[in-house]
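By written order: A, B and C. Residues from 1 in each chain.
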Amino acid sequence: MALDSATLVHLARLARLSLGASELELLGADLDRTLAMIDQLQQIDVNGLEPLAQPQAPDTGNRVDSVTEEDHSAQLLGLSPAAEGGYFLVPKVIE
Amino acid sequence: MSQTQWQAVIGLECHVQLLTRSKMFSGASTAYGADPNTHACALDVALPGTLPVANAEAIRLAVRFGLAVGAHIRPMSVFARKNYFYPDLPKGYQISQYEEPIVEGGSVRVAVGDGRSITVALTRAHLEEDAGKSVHDAFHGATGIDLNRAGTPLLEIVSEPVMHSAAEAAAYMKTLHRLVRWLRICDGNLEEGSFRCDANVSIRPEGDSTLGTRTEIKNVNSFRFVEKAIEYEIERQIRELEAGRSIVQETRLYDEARQQTRPMRSKESAHDYRYFPDPDLPPVVVPAELQEAERALLPELPDARHARYLEALQLSAYDAGQLTGDRETADYFEALLSGVPGQAKLCANWVLGEVSAALNAAQYDIVACPIAPAQLADLLGRIVDGSISGKIAKDVFTAMWAGEGSADAVIAARGLGQISDDSALVAAIDGVLAASPEQAGQFRAGDEKIFTWLVGQVMRATRGKANPSRLNQLLRERLQSC
Amino acid sequence: MSRIEALDTVSGQLAALAAGSATAIALVERSLERAAALVELNALITTTADAARATAARLTPGSGPLAGVPFAQKDLFCTRGVRTTCGSRMLADFIAPYDATVSERLNAAGAVSIGKANMDEFAMGSSNENSFFGPVRNPWDRQRVPGGSSGGSAALVAAGVVPFATGSDTGGSVRQPAALCGVVGLKPTYGRVSRYGMVAYASSLDQAGVLAHTADDCARVLAAIAGADPRDATCSTRPLDDYVGALGSGVRGLRIGVVAEYFGAGVDPAVAQAVRGALQVLEREGAVLVDVRLPSLPLSIPAYYVLAPAEASSNLARYDGVRFGHRCDAPTDLADLYGRSRAEGFGTEVKRRILAGTYVLSAGYYDAYYRRAQRVRRLIANDYQRAFTEVDLLAGPTAPDVAFALGEKAADPLAMYAADVNTVAVNLAGLPAISVPAGFVTGLPVGLQLVGPAFGETRLLAAAHALQLVSDWHLQAPGAAA
């Protein structure tokens, strides 16, 4: 079941990966083969099997509602490639 | 010219910020108004390696809501990732609940005016985290992102699409707003965005059971604008369909200036959110003990209180409605009433009259009222026992508000005690009758209207302190006897 | 071949420190010298020489269970103030502002970090050829891969640079490089060690692990890093066993299930023979070998390659050039910022898995792929559970072959995936497993994998220790410039 290029382009867009045509083609071929391998799962009778999401039942419990974090803004903004006036910057978004 | 009768179908999705100190999954503060990114910790900024841990209080508040609306509380519900890219969503996914929400079903009774009520069924309510905020106009060619709000706990409450007018939708929104404040799960501050509603609007020919294509109106932050936006949208959809066009499923904003809805420019028409259960979080477990504990803590709900005020206290529907507008007012009223038992009407009048006016003038909420219910009860007690008139009591109230002391202290200090002692009253009356023989004669000749004037004169002579009903009685007696 | 020295083990170093025959500074210098001499292995991305020296200088021997012992950390453990790259251009300059729990605990135990180990990018790979910082070379043969994704960690231990290193294991990334490099690699039960600060690849599969020459050393390190952490909701609060104390339990009467499917068609016969030889050694020590079957084992590869990429595609959405990490030059708009930053920041294998993961979660495919894979995961976990009602441990070759040549499998990702068949099922079931040196084929190391029931680390370590008492494969070291 080969992926058509429209689907591939759509996937790259969903994943926010700007891929050139040749890279897209190569990755598309890889994805085709991976999906063919994964398709083995379709043959299995999964009747009566509940999905297993977490292999061990977590028991840590929830957090008590209290403020435990101080102001880290200087440090966190310092990690950003583009920050100004206390804000993280992105190219202008129009709503 | 409209040939078809159209029915509007409206559902509301309300995002309610839960009253917790810290965020849904981190220990950063949820307090409003801080400098940008000062309430965002490593998890809120989605640094590599950070992990979410659920806030126990948020879960408790969600349970409280579910119980109050008679919903089913799932003993186990699941957090799911809603995946999409947007700058105010740092992880590239929002932790929400999808197939298995914590609250399912339930309903809210809504008064829609003219004594009519509708029952709005709820589909579900689920826990999720809020996104950050974008600032569009402050930076040259750039948008600034503030993640203070990112991670704040939200309860998303989804109604069934069972409202059929903008007025019904607005009434539902107000009722829900009152309820979440009543339950103390949300502060309901519309300006700060603690309570936000999106409206899903569609129309269909009257009698049709299928739903038409709907649009979603987002980011309307007042009851009035929600109503206007929905009204506009209904009319717009009718216009479109009657012109032979079809409705585009899209997200729209309300333009307050033009009083119109318009499509949002940046959102894609259909997101593929690729929901899957969040592997970093265990299922939300609500043991029976937690449900029972929250059930025991549930306050008397607004509807029940309203009914009790009507039936047991014999208050008018208007008074009952006003007093149950919020829990703090109802609580104040009942605390007041406990100090002057049997005087429900008097208490209602004072809370809705003097107290309300004074609070408005000072721009206080009732919780900040400088006169405690017990203190006001003392004042009302002096009206009931005849020490002062209602009119004098208003002056005493003003003095108490200004901090001059208790009711009795002000009455004594200003010598405002009502004259109820008959001999003093008779003396005052005789004095006035002696000074006004002409008017006395007019009354005896049959002029009933002059009686009021005579009453006023005695009131003036006693500087307003005469007990009005005793005065009336005695004046009539004296006039008739002489 | 040569032999390792006492100072190549944690226990040996601790003894020397206690006896005064070595100082912490001398041990750090020893590690740094060897790292410098073996720079062509490319096993370290960042060396923190000055900090290591400073820490060693301040240390009091005996002040902690690992006090004075140098180690390396896989470069996906966040280390405060030190570059944490995950082997990726995306984080090439990312200085973590906080320590992972594992890092914090090792620091608290007195261990001295000399740097960050090279790895396959974002832990995706089985050969350490996917690193932005270049491939790591196997100390046994510089033209061969060390395995992955914890290739740098395994190489550093095998080459005698450090006595232990941390790694992470999502589908075999600690065990397989351990096997290919002739060292011990322990993957604890899912949830035994906190994932806080360990950059996530696949959240329900990832677990921190240890690489060292001996089971004894692994036990010591496990004791220092394992245990409850309120910052990780998937971390178990179950109390720790006495891993070191129980090492000498022996294997008398221990039932070891020899898994037929672990010796499948893809396994090199010489490797299979070496592993069977190691098992016979255990048999001579009193273990009982039992033939068992795990019929669902072949399904583990397709199940893993649905679930891991799906979770990864979501976990890696946060890398968008906004708040940290690589950002493209002069983005024209938001879509360009995201698209180019991510395309430039991620390598090919990461892109492969993001696309695959996006696909299997996308609308219409969730049930057919993701949900189905989770149900197959249940099937696999059930198989293991049933096997452990019959035996105490399961055994087989860790990897189907010895270390392959650099570049040999790079063009065939599926062949690379298929070779993980003996290891990935363990992560799907969340069980503990260990790879122990079990011989050599053409002069290259072979690993025996033992798998235990949930929280059965003690049993695994005791069995591995028992093997090491009567064999010396683990004491071999690569010769100089192999």
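Simple rule for what comes next: a residue touches a chain if its C-beta (ideal position, glycine included) is under 8 Å from a C-beta of that chain, and two chains touch if they have at least 3 such contacts.
The model shown is predicted, which means the values in this text are computed figures rather than measured ones.
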Farthest chain relative to chain B (centres taken as mean CA coordinates): C
Chain pair, most C-beta pairs within the contact cut-off: A-C
Length of the line joining the C-alpha centres of chain A and chain C, rounded to whole Å: 23
Euclidean distance of C-alpha centroids - chain B vs chain C, Å: 57
Chain A and chain B: spacing of chain centres that average the CA atoms, whole Å: 41
Where chain A touches two or more other chains at once, by residue number: 14, 16, 53-54, 58-61, 63, 72, 76, 79, 82, 88, 90-93
Residues of chain C whose C-beta touches two or more other chains: 94, 97, 204, 230, 232-234, 313, 317, 320, 322-324, 334, 338, 358, 362
Touching two or more other chains - residues of chain B: 42, 45, 47, 53-54, 85, 87, 145, 272, 274, 279, 281-282
Interface residues, chain A side, partner chain C - complex: 8, 11-12, 14-19, 23, 27, 30-31, 33-35, 37-42, 44, 46, 49-56, 58-61, 63, 72, 75-76, 79-82, 88, 90-93
Chain B-touching residues of chain A, taken from the complex the two chains share: 14, 16, 53-54, 57-69, 71-73, 76-77, 79, 82, 84-95
Interfacial residue positions of chain B with respect to chain C in the complex: 42, 45-54, 81, 83, 85, 87, 90-93, 145, 272, 274-276, 279-282
Residue ranges of chain B touching chain A (in the complex, touch as defined): 20-22, 25-29, 35-42, 45, 47, 53-59, 85, 87, 134-136, 138-139, 141-147, 253, 264-266, 272, 274, 277, 279, 281-282
Residues of chain C defined as touching chain A within the complex: 94-95, 97, 189-191, 204, 228-230, 232-238, 299, 301-303, 305-306, 313, 317, 320-327, 331-340, 342-343, 346, 348, 351-352, 354-356, 358-360, 362, 368-369, 371-379, 381, 413-414, 417, 427-431, 454
